[in-house]
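For reference, chains read A, B and C in written order, and residue numbers begin at 1 within each chain.
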Amino acid sequence: MATVETRKISKFYTHEQAAVDGIDLFIPEGEFIVFLGPSGCGKTTLLRMIAGLEHPTAGDVLIDDRVVTALAPRDRNIAMVFQSYALYPHMSVFDNIAFPLRARQFAKAEIPGKVRWAAEMFGIARFLERKPRELSGGERQRVALARALVREPQVFLLDEPLSNLDAKLRTSARDELQQFQRRIGTTTIYVTHDQVEAMGLGDRVVVLSQGKVRQVGKPLEVYDEPADTFVAGFLGSPPMNLIDRGSAILGFRPEHFLPIEARETGNDAVRFTFRVTRVEYLGADRLVYGMLEGGAGEAKVLSRLPSTVPLPVQLGERHEFVIGRRDLKFFDRQTGLRTAPIPL
Amino acid sequence: MSEQKTRGVTRRTFVKAATAAGLAAGLGPFVIPRRAQAAKTLKILQWNHFVPGYDKWFNNTYIKEWGEKNDTQVIVDNVGLVTLNSRAAAEVSAQKGHDLFMFLWPPPVYEDQVIDHAEIYQECQRRYGKPIDLAVRSTYNPKTRKYYGFSDSYVPDPVNYRKDLWDDVGMAPDTWDDIREGGRKIKQKHKIPVGIGLSAEIDTGMAMRAIMYSHGSSVQDAEGNLVLNSPQTRECLKFVKALFEETMTPEVLAWDASSNNRMILAGKGSLVLNAISVTREAENKKMPIADQIWLAKAAKGPVRRIGLEHVMDVYTIWKFAANIEGAKKFLVDYIGNFRQGFLNSEFYNFPCFPSRVPDIKQLLAKDSKAKPANKYAVLTDVLDWATNVGYPGYANAAIDEVFSTWVLNTMFAKAATGATSPEEALSEAEAACKRIWAKWKEKKMI
Amino acid sequence: MTALASHAAAPTGARSRLRRLADSERFLAWALLAPAVVFIVALVGFPFVLALLYSVTNVTVGTQSASFVGLAKFRQAMESPAFWGAVRNTFLFTLVSQALVIVLAGTLARLLMMEFRGKWFVRLLILLPWVAPISLGSIGWLWIFDSIYSVINWTLRHIGIFGPETWPIWLGQPTLAMASIITVHVWRMLPLAAIIMLAGFSGIPKDIHDAAAIDGAGFWRRELQIILPLVLPIVLVAVLFGIVFTATDMIVIFIITRGGPFDSTQVLASLAYYTGIDGGDLAEGAAISLFLFPLLVAIAYLMLRLARRTEVT
C-alpha cells in the first residue's frame, strides 16, 4: 500500500500537442481513484507514466514519497491490468498467474499456494490448467486480475479492464472489483471513459480533458458541483443544460428542471417558460425537449422527468417549469469556470 | 441485399475483364503481324566465343551473306559455355530446338539423338580433302560406326609462360620437369606461382590429361578398355602433387575456366595452359604484359610430347531438327569459307580441314599484333602434339561422362592436396570409371 | 447468392449463363485458383513425377526410350564415395547455414523493430539480396572471394589484420570453401527470414511486452519465455522453408565453387546436376536428387505439427 503522486508531469509525443500537460495529483494510501475523460484526453498516457511504461517529457512520479521517474516498471512494485488483459497466450492460467512470482524469484515452494489463493479470490481455481484461448472474456479478465493481485503490489493500475465485457457482466464485475479493492485496500488507479463506472467505483474521480485535470473530487461532488463547463457538459446523461445569460453561462441538470406542479414553489425556485417540442420515453424516465423562452432570448434545453411525475403539457404548448435556486450553477463566459451566482 | 448485388456485379465484371485479358495474351502471337521473311530458317546455338571479334563477324556478316545466297533466315543464339549441357538436355527432352547445336567438346551421349554426320564429312572430303585425325576421333563412334557430330575446328592448347620470369631463372618450359623446376625457382624468387587448375572445370580436365598422356598414362586404351589403374597414372599423381606443392598455391583448387587467363594477365602467374585467348586479350587491350607472355608447345613428358586441344568445336544436327538439309549445307559451306573463320577468330580456331587455310604457316609466322611477330609460329606443328580427349582411343560416351563429371580433376586435386593418398584417389577414380563403363556398355554405346 | 443472381440476371441465353458462372462461388474459387494450380503442377509436380520415373529407369540425356531398372540407380549412386560426401556436405551446409540464418534473422528483425531515422532505407538494403537475381549477387561474391582480387583479403591486409604473407584462398581450401558458400547462402536467405521473423515479432501485441515488463521479467526471461514461444510457430515455418530450400538448392554452389575443391562442397543437388546433365546419366541424377525427399517430407511433417501444437491465438 502506498501513496502515488505526480508532479508537473507532461508527455509530448509530438512537439506541438501535449498528451498529458503538467498534471499534479496526490493519491493517498488505499484510495480507489478513477481517471475519467473523453477518448484521447491522455488517461492512458498518464497511467502508463505512473507504471513506468512511458517516460515523461517533464515532471516526476512519486510512489510512497520516493521519486521513481527513472525506475523501470519492474522496480516500482505496481501491477497493471490491460484492456486486452495481455495474458500470455502460450501459458496455462496457472503459469500466467505464477509468472510475476517467478520473475521476482519467489521461492518455488511458495508459488502454488499463492497462485491458488489469487485464483480462488476471483473464482477461477477450476481453470488453472486451461490456456487463455479456452476461457470466456469474463474469465480472462479475472485471470488478468489474479495475475495482478498475486504478488500483492503496492499499487494497482487498471486501464479500462471492463470494456471488453458485455453490459450485464460489466455491472457484476464492477461490483466485485470494488468489493475486492475494499478488502485488500490497495491503492488503485482505474482508467475509464465510462462515467457510470467512474461514479460507481471511485472514491474520487479525476476528470481529464486535453491532457489537463479539470476537476478532482468525490463522484457526487464532481457531479453536483462541476468546476467548469467541460465537466458540467461531460458528466451526466443527458448532461447539464448550459444556456447563455449575458455575462455568465447558466447551468442546470435536466432532472432539476421540473413542471411547476411537480415542485413546491417558494422563494428558492426560479420560474421559466418552456415550450415543449418533443418527448422521448426511456422507461423509468422521460426526456422532454423544448425551448426556454423569455429573458435573454430562446435556448434549447431539456428536462428529465421520472415516469411517476405526470407531464401536464402537450407538444407545442408552453408551460411553467421551475428550478431550485441551489440547483442553478453559474460559469464565467470567458474561462468557463464556476462563478458566484448572479441575479437573474 | 443491395450490397450483395453490387458485389455480384463487380465480380462479374472482374471475371469478364480477366477472361478478356487471358484471351488477348493467348492470341497475341497469332495476331501480331510478322515481318516478311525468307522461305527457310536455320537456327544455330553456339557459345559466346572467347574472341569477341569472331561472334561479331559470324553473327553480323557471315550468316547474313550465307542466308541471302540460300534464301534462309539464319538465327544465332549465343550462350555461356557452362550452360551448353543443360541446353542440349532441354532440347532433347523437348525434341525441339536448334538446327545446329555446337558443343565445345565431343558429345557422344547424344548419339541416338543426332543424325549420322558421315555424309557431311564425305562431302567436305570430296571438296576440300581429308579432315585431321583429331576431328574424326572426336566425333566418331567405332562401335556403332556412326559420326555423332561434325568438327569444323579445334583450339590448340599451348603453354603460355612469362618469358621475363623464365629467362630470369635461366629456363624454358619445354618438359614437365622443366615446368616443375622452373616454376619452383620462380615461385621462390618472385613469389609468382604456376597456374595449372586443379578444379572442376574444363581447362583442368585438359591439363591433367596432357600430363597423363605425356607420362604414358590414359583412361582407356586404343580399343576403349579401361586402363586408368597403371604405374604411369601413379607416377602422374605423384608428379602433380609435387608440382602443386612446389610451384602453385591452393587458388588453383577454386578455379573456373577463365581464372588462369585472369591470373597470368594480372601478372600473378608464371605459366598456364590455355588457348591463345590469353595473349589475344592482352594484345587487344594493349596491356604491357602482352609482350612478356610467350607460347610454347605442349610440354614433353617422359614418354612423349603431347597435349590436348583446348576446346573442340563439334556441330551436331538433331534428328528432330527442322531444317536438317540446310544445316548440312551450312556446315559444308562454312568449311569452304573457313579461312575467314580462322582469321576472324584471330587464329583461335584451327581448321579441321587444313587445306582450307593453306597459308597458315605464313599467317602464324607474321602476326600483325604479336610481338615478336612470330609468337604464334609455335602452333605451326600443333597437330604433331595435340590429341583428343580419350586418347589413344575415341571420345566415347564413357570418356565424356568421366570428363564432364570431373573424375580425373577430383582425383588429381585430392592427391595433390593430400586430402587422400594418391593410391586412394586413384582407386576412387577407378571405381567411378568402372561404374561409368559398366553403364555405357550396358547401353551398348561403347 | 445463386438465388440472388437468377433474379438479378434478366437477360437470357449465354450471357446470363456467363453471369451465373461469375456469381458462383465454387466456379469462381476454382477459376481464381487455377493459375496457381497450373503453376505448381507445371513447375513442381511435373518435374517431380518425371524425376520419380527417371530414377527407376536407365534413361540418359541422349535417349528417349529407357527400360525399368528398379532401384539399381539408387544402388549405383550409393556405391560411390562422392555420393556419401555429398550427403555429408548437404547436411553440414543446410544445418550450419540455417542455424546462422535463424540467429541472424532474429537479431536483424529485432533491430528493424526499433525506431530510428532512415529505417526504410535500411529495410530496403536488407531486402535487396532477395530482390536482386541470385546469379548477380553470387558473381559479386565470386569477386569477393577471388584468389587474386579478393576484396576481403585486400581489406584485411590494409587494415593490418593480415600480414604480407597471409592471403587465404577462400575457395581453394575445403573448410574455407564450405564457409564461403555458407556465407553466401546465409546472405541470400537472410532477408526473407528476417522479414518473416519481423512479421512474427510485430505480431506480438504491445500489451504483452508491457505486461511482461510490469510483471518484472528481465531480458532473458522475456526473450525465452515470452517472445520465443510466441514467434516459434512462425520461426518453425521459416526454418522448414529454409531447410527444404537449402537442401535442394545448388545455385550458390554452382556459381561459387562448382562443388570444389575436389567435391568438398559438393551437395546432393549439385551432384545430381553434374551426374544427370553434364555427365549425361539422367536416371542416376534423378535418383540422387530424390534421395533426400523422404527425409525432407518427414522434416516438413514434424515441423508443421510442431508449429500447430505451439500455435497461439
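Note that a contact is a pair of C-beta atoms (placed from the backbone, for glycine too) under 8 Å apart; a residue touches a chain by one contact, two chains touch by 3 or more.
For clarity, every value in this text was computed on a predicted model and none was experimentally measured.
*Asks:* By CA centroid distance, what chain is farthest from chain A?
*Replies:* Between chain A and the rest, the longest centre separation is with B.
*Asks:* Whose C-alpha centre lies nearest the centre of all protein C-alpha atoms?
*Replies:* Chain closest to the assembly's C-alpha mean: C.
*Asks:* Return the distance between the CA-based centres of chain B and chain C, expressed in whole Å.
*Replies:* Roughly 34 Å separates the two chain centres.
*Asks:* Counting only Cα atoms for the centres, state how far chain A is from chain B in Å.
*Replies:* 86
*Asks:* Centre to centre, by mean C-alpha position, how many angstrom separate chain A and chain C?
*Replies:* 54
*Asks:* Can you tell me which positions in chain A touch chain C when the two form their complex?
*Replies:* That would be residues 48, 51-53, 72-74, 78-80, 82-90, 99-100, 102-104, 131, 133, 147 of chain A.
*Asks:* Which positions of chain B touch chain C when the two form their complex?
*Replies:* Interface residues on the chain B side: 1, 4-5, 8, 11-12, 14-16, 85-86, 88-89, 92-93, 95, 109-113, 198-201, 249-256, 259, 262-263, 266, 268, 397, 400-401, 404-406, 409-410, 413-414, 417, 419, 428, 431-432, 435-436, 439, 442-443.
*Asks:* If we count contacts the way the header does, which residues on chain C are in touch with chain A in the complex?
*Replies:* Contacts found on chain C: 205, 207-208, 210-218, 221, 225-226, 229-230, 310, 312-313.
*Asks:* Which residues of chain C touch chain B once you look at their complex with the stated criterion?
*Replies:* Result: residues 1, 4-5, 8, 18-19, 21-23, 28, 31, 58, 60-64, 76, 79-82, 145, 147-149, 169-174, 177, 257-264, 273-275, 277-282 of chain C touch chain B.
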